[in-house]
Structures are given as structure tokens and as C-alpha cells.
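Per-chain numbering from 1; labels A, B, C, D, E, F, G and H assigned in written order.
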Amino acid sequence: MRETLEALAAGELSVTAAEARLAGYATGEAGRFDAAREHRRGVPEAVLADGKSADEVAELVSLAVETTGHGLATRVDQPIADTVHDRLAADRPDATTEFDERTGVFRARAAEYDPPDLDAVVGVVTAGTADTKPAGEAAAAVAEMGATVERIDDVGVAGLHRALDRLDDLRRADVLVVAAGREGALPTVLAGLVDVPVIGLPVASGYGHGGDGEAALAGLLQSCTVLTTVNVDAGFVAGAQAGLVARAIDAARDG
Amino acid sequence: MRETLEALAAGELSVTAAEARLAGYATGEAGRFDAAREHRRGVPEAVLADGKSADEVAELVSLAVETTGHGLATRVDQPIADTVHDRLAADRPDATTEFDERTGVFRARAAEYDPPDLDAVVGVVTAGTADTKPAGEAAAAVAEMGATVERIDDVGVAGLHRALDRLDDLRRADVLVVAAGREGALPTVLAGLVDVPVIGLPVASGYGHGGDGEAALAGLLQSCTVLTTVNVDAGFVAGAQAGLVARAIDAARDG
Amino acid sequence: MRETLEALAAGELSVTAAEARLAGYATGEAGRFDAAREHRRGVPEAVLADGKSADEVAELVSLAVETTGHGLATRVDQPIADTVHDRLAADRPDATTEFDERTGVFRARAAEYDPPDLDAVVGVVTAGTADTKPAGEAAAAVAEMGATVERIDDVGVAGLHRALDRLDDLRRADVLVVAAGREGALPTVLAGLVDVPVIGLPVASGYGHGGDGEAALAGLLQSCTVLTTVNVDAGFVAGAQAGLVARAIDAARDG
Amino acid sequence: MRETLEALAAGELSVTAAEARLAGYATGEAGRFDAAREHRRGVPEAVLADGKSADEVAELVSLAVETTGHGLATRVDQPIADTVHDRLAADRPDATTEFDERTGVFRARAAEYDPPDLDAVVGVVTAGTADTKPAGEAAAAVAEMGATVERIDDVGVAGLHRALDRLDDLRRADVLVVAAGREGALPTVLAGLVDVPVIGLPVASGYGHGGDGEAALAGLLQSCTVLTTVNVDAGFVAGAQAGLVARAIDAARDG
Amino acid sequence: MRETLEALAAGELSVTAAEARLAGYATGEAGRFDAAREHRRGVPEAVLADGKSADEVAELVSLAVETTGHGLATRVDQPIADTVHDRLAADRPDATTEFDERTGVFRARAAEYDPPDLDAVVGVVTAGTADTKPAGEAAAAVAEMGATVERIDDVGVAGLHRALDRLDDLRRADVLVVAAGREGALPTVLAGLVDVPVIGLPVASGYGHGGDGEAALAGLLQSCTVLTTVNVDAGFVAGAQAGLVARAIDAARDG
Amino acid sequence: MRETLEALAAGELSVTAAEARLAGYATGEAGRFDAAREHRRGVPEAVLADGKSADEVAELVSLAVETTGHGLATRVDQPIADTVHDRLAADRPDATTEFDERTGVFRARAAEYDPPDLDAVVGVVTAGTADTKPAGEAAAAVAEMGATVERIDDVGVAGLHRALDRLDDLRRADVLVVAAGREGALPTVLAGLVDVPVIGLPVASGYGHGGDGEAALAGLLQSCTVLTTVNVDAGFVAGAQAGLVARAIDAARDG
Amino acid sequence: MRETLEALAAGELSVTAAEARLAGYATGEAGRFDAAREHRRGVPEAVLADGKSADEVAELVSLAVETTGHGLATRVDQPIADTVHDRLAADRPDATTEFDERTGVFRARAAEYDPPDLDAVVGVVTAGTADTKPAGEAAAAVAEMGATVERIDDVGVAGLHRALDRLDDLRRADVLVVAAGREGALPTVLAGLVDVPVIGLPVASGYGHGGDGEAALAGLLQSCTVLTTVNVDAGFVAGAQAGLVARAIDAARDG
Amino acid sequence: MRETLEALAAGELSVTAAEARLAGYATGEAGRFDAAREHRRGVPEAVLADGKSADEVAELVSLAVETTGHGLATRVDQPIADTVHDRLAADRPDATTEFDERTGVFRARAAEYDPPDLDAVVGVVTAGTADTKPAGEAAAAVAEMGATVERIDDVGVAGLHRALDRLDDLRRADVLVVAAGREGALPTVLAGLVDVPVIGLPVASGYGHGGDGEAALAGLLQSCTVLTTVNVDAGFVAGAQAGLVARAIDAARDG
């Protein structure tokens, strides 16, 4: 602790960073950032932009970069991305940022940030075009945790041959995240064909009864094969869980 | 009409049968039997035993035999079957009866009954053991309407090769009834592989969220392929609809 | 296969069309189009515009025209229709397009496209004005598959005589698609009067408890007559299933 | 009040009856009976046997007879009926009782009870056998309030001619209670044909999605005609509301 | 019939009016107007503006005026009201119109229209400000049917004295429509205090669990007093049902 | 801690009691009893008998008596009560037990147990007979925590005068627990009349839509007055929360 | 009463204020304001701006200030706040107003208003940034009732140490309001650690299944600890209930 | 294949075992057993006894032993266990069986069966007594797949210290299965404290709103930490998924 206080006194450390080191969190105007989560949990703390103002997102991402060297925000649109970018340009001119409008993921990294690198492959699978956003979120979480992402797209069960054509790629992954909307049959079909953990990611496509992803979610919970699931459109959670499995495998390979 | 009245006066026709011919229905103690439905609708009127006493079922089946020459009851258990059998033995000693405990279907036919015979094949498909009862109901409805039943059992998607092994049989049918519980993925997968109408039959297996067939039903309604569905466990309805399609095809072949 | 490769080498076939012939699908920027579905399934692959950008819809319709000679998109509004039209005008100047704003259906056909022609009649029935859109979708699917569409409109059960006045028209069809919102009683009433297959199409009219078509759907699933159903507002699915029945009848008539 | 107290002192009135006259309710071991309701509300207070012990039902019916001259209990089975009968035989040997097992209604009347007599007709309509119990409850409530009950049974919409055959009877009633389970279409169809108030009574028949009367209830709430509804199987409420309308008409006819 | 045809030939009757007299309905571009409903049913056919274009509403109101002498539309906003007004000004310069923005009700009457006049009072009760719109719809339906409307406003149960202060007014009505949102307790409390029929009108106020009127509706269905209900915000249905009761009372008074 | 260990070594303390003092919980065959909860939380730990075997309940109650001097079990039936009684007779012959079959509450107290005594009154109110069990549970929790229970029974809103007659008693309490099933209007009505905290206790009476207490719960959550609620039939929770308020008031009065 | 009338006659009292004193409510154009509620109930009547026009809110707040000396409105946005402010500036130039956009609470106080002052502390706790609005509403209600508010923010269970760090603050309060969205675990965890009443305030954050606060609400109702709950986002109700507990404690301390 | 056929011809292999080797499944009277699943999927095929007759379970377990050397059945009660035991005693006298009534798991192993052995630890955690059965199912699946099971019981969040006392054990596992009923907060709390994958297992305890495990499931899906979930009471699925992660780690450690 003394070290931290000395660095603070010497101006080598911001108050925010000092608080994060000592208390495990950093307090900003938009709330408190759980700076210790990544270390404690192995998962980066992502800022969910839904229901937050652009300034709140920018504040939290900036806190993240200051206390952990990098930041991730999900469900970001272009105006929010611009605000966060500008804020970081002011706060941390050394940081690089990246925004992908199709997946809504914003990423920032300080110059000195040393990203993790895991020896494990996570397959991220989609049934069709409507799965792009949550699957992209999942892939971003996996990538940020350092595992290799293998994308296998547009293999929905309405045309079964599309999936069977990619069986080798599917079997090469150490763990699969399988996104699917509508009736959500794809994760069940794939989980009957591979021997690695499958994480179902229900997608809020569809309409009428069972729409908004409820049919897909119920189908995953009732699946006649072995798999686990996350909530509808919870791409980050699915990806981060896959990342935790990848970390465990990487550690064992290292071991 | 005169003919009917003369036959009644001459004692050649029961009052019940006369009422059925003239009014289209026959009134008994357990309610009114819609004797004209089969002719008007092309579908035999089946007695649903659920929520009726054994005596009511027996009364209604007896009315059916008297006015249409045959009778069908579904969701019958052994004690009800015994009561119906005894009642028919008394009322119509010429009638033959048949009861299958696994499917809960009871059938009775008067000696003079001339069953229909359709030149069309209905495939009745199950994903697994839990689908036996509703699929059996569907098959019984199809058979009573005179179409050929082709059973394709235990081809659930958890082991996809089981379905692919039967693809030729599936494609040979003129129309398919596909039963499936749990997540209900089988009808969707099969409807992507054949070019005939597929009728989904959700089954009330499964437990927890989406149990009692709700996940399967929602999955069928959200299916990313073209199919129609009936209510959970509505085997008779699925079979009778398939029978109507078979009748139309038979008529066209005759045509 | 050689034939395809030679045509490609000779510049007589686009890469897209070649991929579609060989792999059964064509890959574009907006995803993969299942070009083999129509042949395998007997149903044209329609592009659901809901939740897609105008460019994605245009891309997919263009792929459809290129690989199957025609394209169909549903739930299209005027701006999307304009985009698709412009894209096709550039990609396929020979193609004709058609857009009906009231039903939201967009259709495109290449000059050389030879549409199917089935010897069968599909009745498309509405209870009232609110059913126009899904019933129009259903009729478009039927027409695209080549069957004759017979429209029977505004015959809701609140004024029963309106339906009874059209009984002859109803009985003339080979299969009926019956749309109904609110309490959804019309398909049940009609299915008690005709002897052909009836496909219920619940419509998302109504408000309060059971609104958004849920009451109509539940009523169709609980119908005391024989019929099957599709999801709320799933006009394309209802029409395509009717089209499959029409195809089977046509084949039998040909047979 | 003095009169009541004098009668009590003179032994001409029980403590219970005195409490009922003064406070409007009578207190027994099984709770408090709202003796003033019938006068205040125009509706007899019926004892719902569901979830009460036989002794509690007997106590409450006995209180009802003592304070209002008559008693009504619903959802009674044979053992409860026997207990209530025995209790009344002991408490009020002058009272006559009546129990109908098919409808579950128990009725008791003191010798001096002078039942009301209304100049109005309530039609009680059923779609089929499954509606017997709630329709019977409704009819019992109507009868207890003094209106004439006209039963019109087994006229479900699957065979529309059955209802059309009874149109004159339907139009003769001053108000209709229409019971219906499954999809509950009958009240909607009838309410389009008559010009008196229609009260829908959804019945808990049916199975699967929308079962337990939920589809019928939702259908009544969404009805495209004018009608009001009660809860599933709430036969007493439907009958009593019809009775209140009959009372108003009777009063107007008297007027 | 001849009379109608002669009037048409003589130009004294429009084609629309002739069709309405002969067939019971009139066909316009926006669908078919059930012109016979008012006569058959005793309830004016109101045009529900929700989900219809301004032109469709105008067309249907104009048909109503032409065939029945008056027209009613509900859930109308100012722009729609303007369109309907302009259309009527063109089609029927003799007609008078009236629009109340707070209740969303639009009314039109031809010069020769002779409105009904019933000798009966309908009380329309609200719990608070949020009930204004559906209660206004109910009152408009009652008024159009010719009964006297008695408004009793802002008597919600949170301040019970407000309702008790109006007890005499409440008891003066022949039938009550009681609107209530949130927990919907008011109709239950009032139905315990009066001896006329009470029709509950649940209102879509409230938020969170049971919001959108679902708690109020469920409370009305479970009410421990006798009352019937309509769907959430179904003011027109509640008012029209009260109007039917008023008609019956009026007829009896006349009788 | 040394004290505890010395007492254990000297045989003055059981191992169980020693574990409870040191770790805050005691481990038995049926699970772990949270012996410190009462001290930490101010609420006795009650054993919920639902879903436990008689032996498990007996084991846990015995652990409770051993470690805290008293024990409480809810949802107990006679056979379970007998088992618990026998077990305690063997384990703790000094303890007294009490079982009330109507409320399902079982209570045991060691000879040396010194029950708390709070200077505060909790009113426990019921609408009718059906509320007996959960209200009894609530009263038992209050009594066990030492507050005075004031019962106010059978004051449901269908007869409003019954509640108004008891207004003085209602206002005398420091906090109210108000049970109500069906539409659950009573807590809302009472909370508009008193100025102390009201805790609503929804009861699982009623049937059909909103049955099993769901309508009552939704009504409490939507109440237009200020109150909080517990889950359906959660009498113990309602009573214990009232007890916590009573404790705070008692402490302030002492203060 | 005479006093009030004399003051009115003398022009010392407005008609509104006189009506409020005599009848307990004041009638304006936007409805009736329950001026006696605060006195009868101990809770200020807050105006819920949701679903009201700016003018209606202004009218009601002005009535509140006129009849009770202060006014509170919730779910107010900036345009409504401006309207209310302007209205009060005109009606009551002496009044001070205050608007907090982040919590949506508007407050007005007449110059002569003497706010209550309670000797009790209410802790208002949030799990994270998304809880700001409802927690702010709760705090405003508490403050308006005169208790001391202690805010404890951002202590969600994902980083348990944040809550444990604040345990002393949590234990210092007399009663806790604990807001939480998503899975709503925080109130349960805290209620296991303190011995004062805990009121759960579920928040409508989250998405997919159980979103809109439904998961948090269900979790509070199922909590394995003792607590009560309010509806989703019902911050005012939670705060006012805490205020009532604070009043009782304050009275006891005074006592 | 020849090898298999020769062994069959030589009587060294049963027809069943031969079919299993060649087709991947074995057909018995009770349906088809997917003998290849374990190899293809890495998960043993468990027989779910729910909804199957004792004979069907026995038949399927016997098929499993014959074709894969071992068998597992879940949700078994004592009578079914006896039937299966007897059947195996007849079919495979060499097999050993084991039945645990508290968890409902039945296990059989042929003499020659060589169970897998994985170098990985799966923690199986319960909140309380009510979680015994599903947690036991999960542990059985893990054990059958060869991983080490570490049980951590009775650490529910109502007494947080119980979980904190076991933190070292929790962190020692490679993957955690955390069972929890009621509000289901435990998995969320634990997932905030460890850096390995957590699989939530919602349990069908609790009552009222959100009962039957629905609140726990919704809470897991909304968890503010990273975890995945299975359906309510799906202990086998949770355990098998943990087993798949353990297999991947074991393979990596071997690697």
C-alpha cells in the first residue's frame, strides 16, 4: 500500500488509479467502476451502454482505461462512440480506440496495455444474418480475453447441408458459442455433433408468439442435448463464459 | 325425408338414426352427437374422453356407431375402454371394437361399416419414446380416414444420423405429421429436407421453463422453415388435418 | 459440375450463380442465400425485411434473382422497396419488379423466369379490414407458387350472413387460408362448414388482454374443429403451406 | 331496533338472527356471514365450497338459512352435501334441501321462505357437454333470484346449424348467459345474432396452450361483438349478473 | 325489395344504400360496413380508428352515415378527425359532426337522423384522471344509444369518503359502468353497495408488474362481488352493453 | 471463545451448541441451521415444512431449540407435528410444544427460554375465512418476536360496513398486516384510512385467470395507496417484517 | 366549519382551500386533489406525471400547494417542469420550486410551509448507476416526510466487498430502501446482514427474459430472507413506506 | 464392419450390440438407444425416468449396459429402481448397480466397464436442503464422466459468512455448478468471487409468484456477473456440461 501512496504523492499515479489499487474500485461521476473485477474474475468489466447517457459511458470507459489499461463497451451506437472517442482523446491521448457499428462494440487500449494471449480456440457460430450483433459481441469478449475466434456463419438448420459442410471447423474449436433466433434449433443440432462445451446464445429475432427470443431461449433450456445458455442477446456473457473456459484450457496447456 | 320417416314407422330405423338423418345430430343423455360432421367435414367426430365420465363416453360412442357406422374415442384408459366395450356389446352386438392402451385410442365399427380407402401416404414421425401417445392418436385418425400410415420413429435431432438414415422414407410420404417434445427441433429440421406439407405436433414432455410442450409449440410457431402446427398433444387434430390433405390428393388422383 | 465450371470459365455464368449451383447457396455481403431451398423444399425463399437494412434486403433479393430467376420480399416499406428496385435496375436491368404497399410484398422476376402454374385453387379469407396485410402476404406466396388465389373478404362472424353468403365460393377452393384477429373465431366457424384443409392465420389486431394476436392464436390452437395454424401475422408461412398442398394436388391431378 | 331486542328477549329470535338484523352480518365459527348482502345487493350470498371444510360449509349455509330464510352453496360434492344436509336436519328440521351432483349446487329453504318471482327470462346456453357444471351453477343462481331459466344446450359452432335451429328460443330471452370452453367462439357468434345483453361464461375445458379456459376468456375479452364476461368457470357470477338485469327488467315491467 | 330497386332506379337512393338495405352491408374501398348490425344487434357499429388510415376511417364513417343516418368512431386523434370531417363535408353536407379530443370520440349525424331516446339512466364512474378516455368512450356509446348518462368522477378508493359522498347518485342509476386502473378496486367496492348491474371497465394505467391494465382486469375477474367485465380500455363495449341493458329496461317500462 | 470450549470440555454444552456459538450455524443431517440469524437479523429462523420430510423438520426444529432456546415451523400438518413432537420429547424433554392445525404453525420452547416482549401492537387483518392460514402464520411470527397481536377478522370489502365498524381497532395498531385473496382490494382500502405502515399479504384463493393469488399480488403492487407486499401466502415473512417494525418502535419507546 | 366559511367570506381563503378543508378534497380542471390524504395517511399526495399533460400536472401541483402548503411530482421531464414552474410563478409567486432532472422529482413549497422533521434515518441503497432514478424518487419521498436520508450507492453484489465496506453505514439506518435491477440480489444479501426492516425496490433495468424488472421483482418476492417489496420502479411508494416507519419511530422516540 | 458381423455370426456379440456398433443406435421395445452418443458427444446418455414406465426404463438401461458397458437413469424412485435392478440381474448378472433415493440417480456398470478418470475438479454447491436432488444429479453426471466432485453445501446468501468460510474450497475447483432455488442469488454472488466458469442450476423450490424455480431461472439469466444456466432442476445437464469442461481441461493437462 505504501508504494501506491508514494506513487500518488509523487504524482506518478492519479487519485483514481490509487483508489482502484487500494479499494478495488474507482469512483467517478457516473458511478463506481469495479476495477478489480478483471483480476478477481478473469473477465474484463464491460460497460453496457443501454440506458446510460453518452457522458456516463465515456466516463466509465475512461475510468476503465485508467485503472485497467483497456476498456470495452457494448450496445454502443455511433453518437455514443463519438463521445467516448473524444473523451478518451482528451483524457488519454495515448490510447487507441476501435468501434464496429454492426456489432455495437467499442474498444479502447492504453499504449502500455499488454493484452492476454490464450492458447485456445472459441468457435462463434451464427444461423443467419439476424444473429450478427449478439454474435459480434460474443466474439469481441472472447478476443479481448485473448482467445482465438473462429467464425462459422450462416449455417441455420433450414438448410442442414450448410452446417454439415463446416463440421470440421466446428470440431476444431475448444468451445462453441452458437447464436440462434426464431426457434433456436441450431445449438441443439450442433451440440449433438461435437464433444466440446456448447454455449447457446438466443437471439431476439422472430415475431408473434415466442418472439423477442423467448422461443429460442425456451428451446435452449429444453434442449434434448447437453448445453448451457445465457439470456436473449447476451452476447457478452456468452463470449466471456467461453473465454473463461478458454483460460482454464490455456492454463492447463501451460501447466 | 319421407323415406326416413317411413323407415322409422316401419321400425327399420331407430329414432336416433332418424334424428341424425333429418337434423344432422343425435341427442343422447350425455349431449348431442354431431352425426353430420363426418359427411360435411370429411373428418370423423372423435369423442375426447378427457373430462367425461365412462358412461358419457360410452353413450357418445354408441351414438356414433348408430348414426355413422363407426366410432372413435381418444385419451381413453382401460376402465373407460371396458365400459364402452360393454355398452357396445349390449347396444350393437355386431360391432367390433379395438383398444390400444399405449395410444389411448378406442375404435368401434358396425358390421356393415365400409371404411374409406385413400390412395395417399401420411408419414407419422416421432423424435423419441415420449412422443408415442400423441403420435399414436394422429396415426389412428389417419387410418380411420383411410390413408396409409408410414411410421418413422425415434429420429430425434440429438442424433442427426438417425433421421438422415430415413430420408427416403420421409420423402415417400405425401404429407408428414412430425411429433416432438422438449425443444421441438425435429419438425423444423425435417421441413428443410422434404417438399411436402409438414404438420408439427408439439408434445408435452420436458420440465421447468417451457415445459408441458410450450417450448416445442413456440419453436414450431417460430420455425425458420414452412410448416403449420396444432396445439400441444393434439394428435387427433394433426392426424385429421393430414387426412384431409390425403383426401384431397386421393380425389385428385382419382380425378 | 463440369458444365457449370465451363459456363463460368466462358463468362456465361456469374460466380454467384455458379456457387449456388454447386453448393446450394450463394454468399453475399448481407449473408448467405439458400438458393437450393426452392428446389429442395418447393417453396420460394422469401426475404423478411423486418430487422434488415434496405441494402441487405436489396443484396439478398438480387442474389435470389440471380440464382433462382425470381425474388420475393415481405414486410417491405416504400423506402426499402425503392432501394431494392434501384439495385435490381443496376444489377438486372431485364428484371421486372412489383411492390404493393398495402401488403408490404415486393416481387422481382428476371426476363427468362418461367413461373410455375398449378391446377389448384387456394381460398384466402379475411374477417375484416385489419387482416389485409397478412392475408395479402399469404396470397402473394400462393401466387408465386403458381396456384390460383380466390379472395373472400370481410366475412367476420359478427355478421354471420356475410360468410354464409359466400359458402359456395368457400367450398370451391382446394384449401383455405383464413385470417382473423381479435378473438379469431372465423377459421373455427368456416372449418365446420367445408371439407378441405383449413389453415388459420391469426392477426395481431386487438388490444388489452390477449391483444397482439395472442387471443386469436390461442383460439386457433383450442379450436373445436380440425385446422392447423401458423404464428401471428405469419402470412407468408400460411400461404406457402397452402401452396405445398396445392402442389401436391396439382401433381396428383397431373399424375 | 327495539323491536328486534324485544323479540330476542322474548325468545322469538335467535342471537344470530338478532345480530344479523342489527349489524347486517352474523358471526359463526367458520367466519362471518354477510346477511345483509342479499337486501343491499339483490344477490343471494352463495357459499363457495372450494377450499372450505364440510363443517365450515354447513355452518355458513345454516347461518344463511337462519338469517335470510334460504341458503345456496356451489362447487359442493356428495360428502359435503351430506354434511350440510345433516347439519340442517338438526338445526332447521323445517328446511327443505336439494343437491344436484352434476352441477355441484346445494340449495336449502326454510319452511317460511318466500322466494322471489321475476317476470323475465334468462337464456342459459351451452356449446357442449363440458359446459354442464358452470352453466348449471349459472342457472341455479338465476332460479334462486326468481327469473325463468330457458336452457339451450349443445349448440357449439363446430356445427353451426344447431345454433341457427334455436334462434327463436335465443331471441325470446331477455338476457343470455353463454358458456363455452376451448376457443370460446359461441358467445361471439350468438351476440352477433340477438339484440339483448350477452354475458360470456368461459369454461375450463381444453388442454395445451390456452387451456384451462384461458383461450376462451381471452377470446371473450377480444370479441368483435358487444358482450361482457366473467372469470373462467364463474357460473354463479354470470347467473347472478343476469339475475340483476332480470330484476331491473321485472321492476320496470311492474313499474 | 322492389321498393328499394325502384328507389334506386329513380335516383332516390344511392347504390350503397340500396346494397345495405338488400344485403345488410355496404361495400366500400376500406372494407365492408355492417349496416344491419344496429338493427339486428341494437348497438351502433362504431369504427375503431386504431390501425386504420385516416382515409379508411373517413370512408367507413361516411358509409355509416349513408346507410344508417349516423356514424361513430373511437380512438380518433385530431388529424384523423379533420380528414373525416372534410370527407363528410364533401359527401354529406347536411351532416353535423362532433369531435372530443379528450375521449377520442368522433360523431356524425345526417340531418334527417332521428336519435333513439331511452327512459333509463347509466352511471359512468371514474376513479381518477387517468380514466377519462375509456370512460368518455363508454359515455359516448351510452348517449348514442339514447340513454341518460350520469357522470360520477374521481371517487377512487384511496379516499373512500369521495365515493361514499356520492352514494345517492350511484344508487339512482339503472346500471353502472365503473372504470378503474391500477389495482382496479373501485368496481368491487361499489358493487358491494348498490343493487343494479355493475360493468367493470379496466383501464391501462399503472406500470411494472400488472401494468397496462392487467392487474385491474385480473382483479375484476376475481372480484368477491358480482360484476362482469370487458377488456382493458374497452370503453365502447362497456358503454354499449350498458346501453343494451338500458334498452331492455326502457322497453319494459314502455311495455 | 475459550469460555465456549471450556463449557464443551466440561460437558456443559453440546457439540451442536458449541458449533452454533463459534461458527454461527449448527450442522445436522438435514442441513445446516443458521443459529446466528435471530441475533444478526432480529427474526427467528422458521423451518418451512413444505418439501421437507417429517424427519428433516424434526431435526431442524431440534437444532433450533438446542441452539436458540426455541423453534418455529410453518406449513406443518398433523403427521409432521407428531414426528417433531416425538423427536423433541426424546431430545429435549424439558421443552413445551404447541401445534395449531388451522394455521399449520408448530412452536417449541425450551424450559429456560426467555421470550422477547415488545411494547408495540401489530394488527393482523383478514378479509374472510380463506385467509385464516396465512394470517395465522403472520400472527405466529409476530407473537414469537414478542409484539402484541390484534386480530381483526372478516372485514372484506364486499360489505364495507364491516371494516368501517372496526376503524378504531385498525387505527390503534402500530403496523398492520392485511391478508386478502381474490382481487385483494382490502389492503388498498385500509391503507387509505390509517396512517401507519401497511403490509399486504396476498392469499392464494380464487380460481381461473388471476387465481392462486396472482390477481391479489398484482393488485397490491399496483395499489393506488402506499403499502408494501410479500409473496402469495408468505404469512411468516409479512409477520416477521411487521415484527421488525415493532422492534424498532419498541426500541424507540425504550430509548 | 363556521370558521372556514367566515374566512372564505372575508376573502382570506380561496374557494379551493375552503373546499379542501370542508370536503377533504379540492376540485380542479384536471381532476380532484385529495387534500386530506397527507393528514389522514401521513404521506404527501404526489402527482405522477406519467400519462398526464403538462397542464394537468401544473394544475394538480398548484392545487396541492394551495391546499397543503407543498407539492411533489414524480416522473417529471424538463418541459413539464417548466410548465409547472411557470404556473406556480403565476399562481403562487411566494412558492419556491426545485427540479432534479436525474430523478425526475419536482418539489414546490409555499413560503409559509413548515416541513416535518423526524428523528429517524432512512438508508437508500443502490446497486449501480441504473438505479439512480427510482432510488432518487424514494429519497425525495423520505426527505419530504422529514426523515434523514443516508445514501449508500454502487454496492452491487458482483463486487461483494463494496457492500461489506459500507456495513456500518447500513447498520446505522432505522430502515433501508434497497434498489436493485437485473437479478435483484442486493436486497436479499443486505437483509441477511442487518436487523432493521428492509424494503426492496426492483428496478426496470435488464433485457431479455425477466427484463423490465420482472426478474428482480420475482427475486424479491422469493427472497430467502425477510423483506417486503414494492412494484418495479415504484420509488415513491418505497420511500413513503420507509417514511411511515420513520414517523412511527420518531413518535415513539418523542413519546 | 466385417469384424462386427463375424463376431455376431460367431455368437460373441448380441444383435443389439452389433446394431449399436454398425448403426450407432440400438432398437428395443421401449424405443431406440443412442449408443454412439457418448463417443460422439463425450457425455453418457442418461435415461430420464419421468414419464416412462418402469419397464421402459429397465429396457433402456439394459440396452445402455449392453452397448456402452454402463447405464445411468435419473428421477428414479424406489419401485422403478427395483424393476431396473431385477431386469439387469436377469440380463446382465455381472453388472453392479447403485441407487441413491435422495438424488433419484440409478447407476449400473458391467463387470468389464472401465470408467473414465479425469484430472479436474468440479465443485457442486448448494444453498440449502431443498437443493439436494438436482445437485445430486449434477454430481452423479460429473462422477460418471470421471471428474472429481467437491461438494460445498448449505452456503445460501441469507447467511453470507457460510459462503465466505468456504472461499478456498470454491476457488480450488476448475469449474463450479451452483444450485439455488427461491430467488437464486447464490450463483451470482459466487460468480463475483471466483475466476472459473460458473454454471447456475435453478431449483424448483419456492411458492407463489416466481415459484417452481422461475424466479431463480430469471435471476440467473439476468445475473450481473458472467455465468451460464440450465433449465430448472436440470441437474444432469449442468453436471454433464461441467464434465465437458473438465474433459477439455484434462485433455489439455495431458496434452
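Annotations for the structure displayed:
Just so we're on the same page, a contact is a pair of C-beta atoms (placed from the backbone, for glycine too) under 8 Å apart; a residue touches a chain by one contact, two chains touch by 3 or more.
Note that this is a predicted model, so its numbers are computed, not measured.
The set of chains in contact with chain D as well as chain G comprises E, F. Under the contact definition stated at the top, the chains bordering both chain C and chain D are B, E. A rotation of 90 degrees, rounded to a multiple of 5, brings the CA atoms of chain B into register with those of chain H.
Its interface matching that of C-D in over half of the contact pairs by residue number, G-H stands out among B-D, B-H or G-H. Chain F and chain G have CA centres that are 29 Å apart. Computed centre separation for the pair chain F/chain H is 38 angstrom, with centres defined by C-alpha atoms. The distance from the centre of chain C to the centre of chain F, each centre being the mean of the chain's C-alpha atoms, comes to 61 Å.
Measuring from the averaged C-alpha position of chain C to that of chain G gives a distance of 54 Å. The set of chain C residues that touch two or more partner chains comprises 37, 40, 128, 158-159, 192-193, 208-210, 214, 217, 221-223, 225, 231, 234. Chain pairs that touch one another: A-B, A-C, A-G, A-H, B-C, B-D, B-H, C-D, C-E, D-E, D-F, E-F, E-G, F-G, F-H, G-H. Of all the residues in chain H, the ones that touch chain F in their complex are 128-130, 153-154, 158-159, 161-162, 165, 205, 207-210. Listing the residues of chain C that touch chain D in their complex gives 127-128, 156-160, 182-185, 188-189, 192-193, 206, 208-211, 214-225. Taken in their complex, chain F has these residues touching chain G: 37, 40-43, 174-175, 191-197, 199, 217, 221-223, 225-231, 234, 237-238, 240-241, 244-245, 247-250, 252-253, 255.
On the chain B side of its complex with chain D, the touching residues are 23-25, 27, 30-32, 34, 36-37, 40, 50-52, 56, 202, 204, 212-214, 217, 231-234.
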